[in-house]
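Two complexes follow with chain A in common, the first pairing it with chain B and the second with chain C.
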Partner chain A sequence: MSKYIILGVVLVGLAAAPLTGDTYLMRMATLACMYAVMAASWNLIGGLTGYPSFGTAAFFGLGAYTSGILATLGVALPVSIAAAGVVAFVVAAIIGFILLRLKGHYFAIATLACVELLREIANSATDLTGGGMGLNIPRNADLGIFAEASLFFFAMWGLLALTAVVCLVVERSKIGFALSCIRQAEGAAEMIGINSTLYKTLAFALSGVFVAMAGGVYASWVHYIEPGDVFDILLTIKPVVMALIGGVGSSVGAIVGAIVYIAAEEVIWRNYLDFSSGIIGLTVVGLVLFLPHGLGSLHLRLRGKAVTP
Partner chain B sequence: MTTDSLTISNLTAGYGDVTVLWDIDLAVPASGITALIGSNGAGKTTLMRVISGIVTARSGAMTWEGRSIFNQDPSAVLRAGIAHVPEGRRLFGPMTVEENLLMGGYARDCSNADLHRDLEWVYEVFPKLRERRTQAAGTMSGGEQQMCAIGRGLMSKPKLLMIDELSLGLSPVMVDQLVADLKALSGEGLAIFLVEQDVATALELAEVAFVMDRGRIVRHGSAAELAADPAVQEAYIGSMG
Partner chain C sequence: MSMLELHGVSRSFGGLAAVDNVTTTFEPGRIVGLIGPNGAGKTTLVNLITGVIPLSSGKVSFNGQSLNRIKPYHAAHLGMARTFQIVQPFNQMDVVDNVAAALLFSQGGHSPASARAAALPIIERVGLTPSAHKSAAALTLAMRKRLELAKAIAIRPKIVFLDEVNAGLNSAEIDQASRLIRELADEGITIVLIEHLMKVVMSICSRVIVLQQGRLIADGSPQDIARDPAVIEAYLGKKYLDKRHGQ
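Coming up: the complex of A and B.
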């Protein structure tokens, strides 16, 4: 029950950002929502199902380009974002069906290769994507700075709320139990009649949908995308680290982890400009050493209880 | 009494370029306990995996209650009434005993009430599991885990229960306990097909047995016949005096 309360507090807390009227704060909140969407999505396949996907950036870029290209053709924002989700679902289902027969490191490397592959495609399909020159995405209308910041904040926030609801529903459903059986003992899961290929593929496809939609919102938000930016490997790594911070296997944990990470990164970056990546790295190492089950296990650690994953 | 529910003929299967099972002919009666014995690497586990649809066969035929189940997917075989308790138990370790048992009914289309009635039945068969219902399955002893794995298989309401390596890694006391439990289940009308490396135990428990060697069925007959067979004694039981 407490996780619903935490989620509610987090969502309401984020929604208060526009009340401050501070566009810098709203930018941070928008970024936090974006990464929270990605971390919670990663948790579906990486945390719940136990397949460590490094393909997050592939779906982010795919969504950004799908939605961006549609926007240049004059398609309205909500439609182009929905289209990004649909395209990612189909592409992720195809990739997943092929790659989910690999496990562990092999699966991680194969999904990582998908990011590179899609980036190369975006680089070379110049007619469609503008190649290395990037793609300019037209503004819908001149809204003014604050109204535009609010629009994209609420788009990301709404997407986060949707992602959180879907993730929680999946976790509690019969599918969620099947996915955690697959993580714990895939052979035995087959023997009790779980169609593991179908469920793994579904989890992977679903983990691509919201990431791609976040990519779509991002593209319209920044008005300009290029392959190196939206297929950035950091977009794959950060959500994994965020889920680790929050505690792998819990979508609420992943969301909290994302917000903590974004806040910490900003504070550290502002105070230690030259050594910021080093400090973030050390923080992550410290976390893994002293709180291997993430912030979600903090209350157990403090009471000296054993933690079972 | 002697009607066969599962019949396999000319079955060939393997992994990649390697053929593991050659021309298997086998029939499991609709009731009683049937054992499959043989040395390590004979193909016993592979045969069970082919029956439950986890490994795809190359050729041959397999029928269950008169219908072909050749190369059906595992959930279809399970729904048809064949449950598989895998070698080494393979429980969902962090889940509780009760969750593991309930997951055994995953493929069923039945009401919650039916599921919980069958859960009660499994707890009656294995009272130890009731005591351990809220414990993480992975933290129990080997024998309790085997009970849980068998219970999970029973939760699918099978007509035939296949158990791979019943006694592996268990204490003799626990093996005796499980043997008694399986005899009781068999008495209730459940057909049991088990792979067992401890040939003496297998032939004592089963009525019918098949002997496998290097991927082929080399002998079959009543358990008493095989136990008296000098070749079986020499190869698998050793000097029984």
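Coming up: the complex of A and C.
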């Protein structure tokens, strides 16, 4: 029950950002929503199913380019974003069907290779993507700075709300039950009648959809994308760290982890510009060693209790 | 037509013929012992029948339907259950959810909630009710073996492969398990019992088949098998022979 309250508080809290009238704060809130979408999505495959995907950036970039290219053709924003989701679902299902027979670090490396592959495709399909020159995405209309910031904030916020609802429904449903069985003992899961290939592929495809839609919103938000930017490996790594912060396996945890990360990163960036990635690295090591079940287990840890997942 | 038919079933790993040209049939409602020394290919044979690993050659059919190239989840839907020699519980779930999962995914018509309710009588049947809400990781080995059995029963199987469900149990626990296995057979479920404890095999099996180095070397009643010189030499060893004559 408490996770629904936490999610409600987080969503309402984020929605208050435009009330401040501060465009910097709104930019941070938009970014937080974007990463929360990605962390919760990663949790579906990496946390719930136990397949550590490093393909997040592939779907982000795929969504950004799908939506961006459609926008240059004059397609409206909601349609181009929905299209990004559909394309990512299909592509992720195909990639998942092929790669999900690998396990552990083999799977991780193979998904990482997908990021490189899609980046190279985006780089070389110059006619479509503009290649290394990047792609300019036209503004819908001249809204003014604040109205435009609000538009993209609410687009990202709405996407987060949608992602959170879908993740929670999946977690509680028969699908989530199957994924949890697969994570814990895949052979035994098959033996009680679970079509593991089907469920894993579904989880991977779903984990791609919302990331791609976030990429689509991002492309229109920043008006210009290039392969190195939207297929950035950090877009793969950060959501994993965020899910670690929140405690792997919980989508609400991943969302909270994303917000904590974005806030912490901002503080660190401002104060320790030279050493920021070092601090992020140390945080990861510290988390894995001392809080493997995330911030949510901190109170147990402080009271010296054993933590069981 | 028999329930389960194997024709020339073979599987090799590299140069090793783990299962070598096995042909046999299984009839409904009987308890068949599958015995043989360590590494004889017993577990591999079950893996082949249930689709865990593909056949190198041969044919498997179940109620007339070919099972070649089948996947394990499909075998479960057709009514084949198996327990794992090395138990594989869902460790982060409690006993109820372990059994509920088996109910939910092997047959239609269940929601997670209704599957949890339907799991309780099965848990009672294997004697795990006092531990129903314990996580599987917290169970003793004997209890985890019973949990394997409960999951196998939950898929409402026509045939069950029990891979050393008695290993590591004390004699009271073994008697309890034997009683349950007999009950299941009385309900018409075919039991294939992989078992090293000859006492159990002799007391509950109506037929015994013997594997040695992947080959089926004997097939008959427990009494015949116990007298078969090839079996005695391959599996039971000279000691057993001496003991029998000494009795």
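What we mean here is this: the second predicted complex is superposed on the first by the 309 of 309 C-alpha atoms of A that agree within 3 Å, B and C clash if a C-alpha of one lies under 4 Å from a C-alpha of the other, contacts with A are read in each partner's own complex, and residues count from 1 in each chain.
By our rule, a residue touches a chain if its C-beta (ideal position, glycine included) is under 8 Å from a C-beta of that chain, and two chains touch if they have at least 3 such contacts.
Remember, predicted model here, so these are calculated numbers, not experimental data.
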After lining both complexes up on chain A, report clash or fit for chain B versus chain C.
-> clash
Once the structures are superposed on A, label A:Gly74 by its partner contacts, choosing first (chain B), second (chain C), both or neither.
-> neither
Classify the contacts of A:Gly144 with the two partner chains as first (chain B alone), second (chain C alone), both, or neither.
-> neither
Partner touching more residues of chain A, chain B vs chain C, is chain C
Could you look at A:Ser180 and tell me whether it touches chain B, chain C, both or neither (first, second, both, neither)?
-> both
Dual-contact residues of chain A (chain B, chain C) 174, 177-178, 180-181, 184-185, 187-188, 190-195, 308-309
Going by the contact rule at the top, pick out the chain A residues touching chain B in the complex.
-> 174, 177-178, 180-181, 184-185, 187-188, 190-195, 308-309
Which chain A residues qualify as touching chain C in the complex?
-> 172-174, 177-178, 180-181, 184-185, 187-197, 308-309
Sort out for me which residues of chain C touch chain A in the complex.
-> 50, 52, 71-77, 81-82, 84, 88-93, 97, 101-102, 104-107, 111-112, 135, 137, 151, 154-155
How about chain B: which of its residues touch chain A in the complex?
-> 52, 54, 73-75, 78-79, 83-86, 90-95, 103-104, 106-107, 136, 152, 156
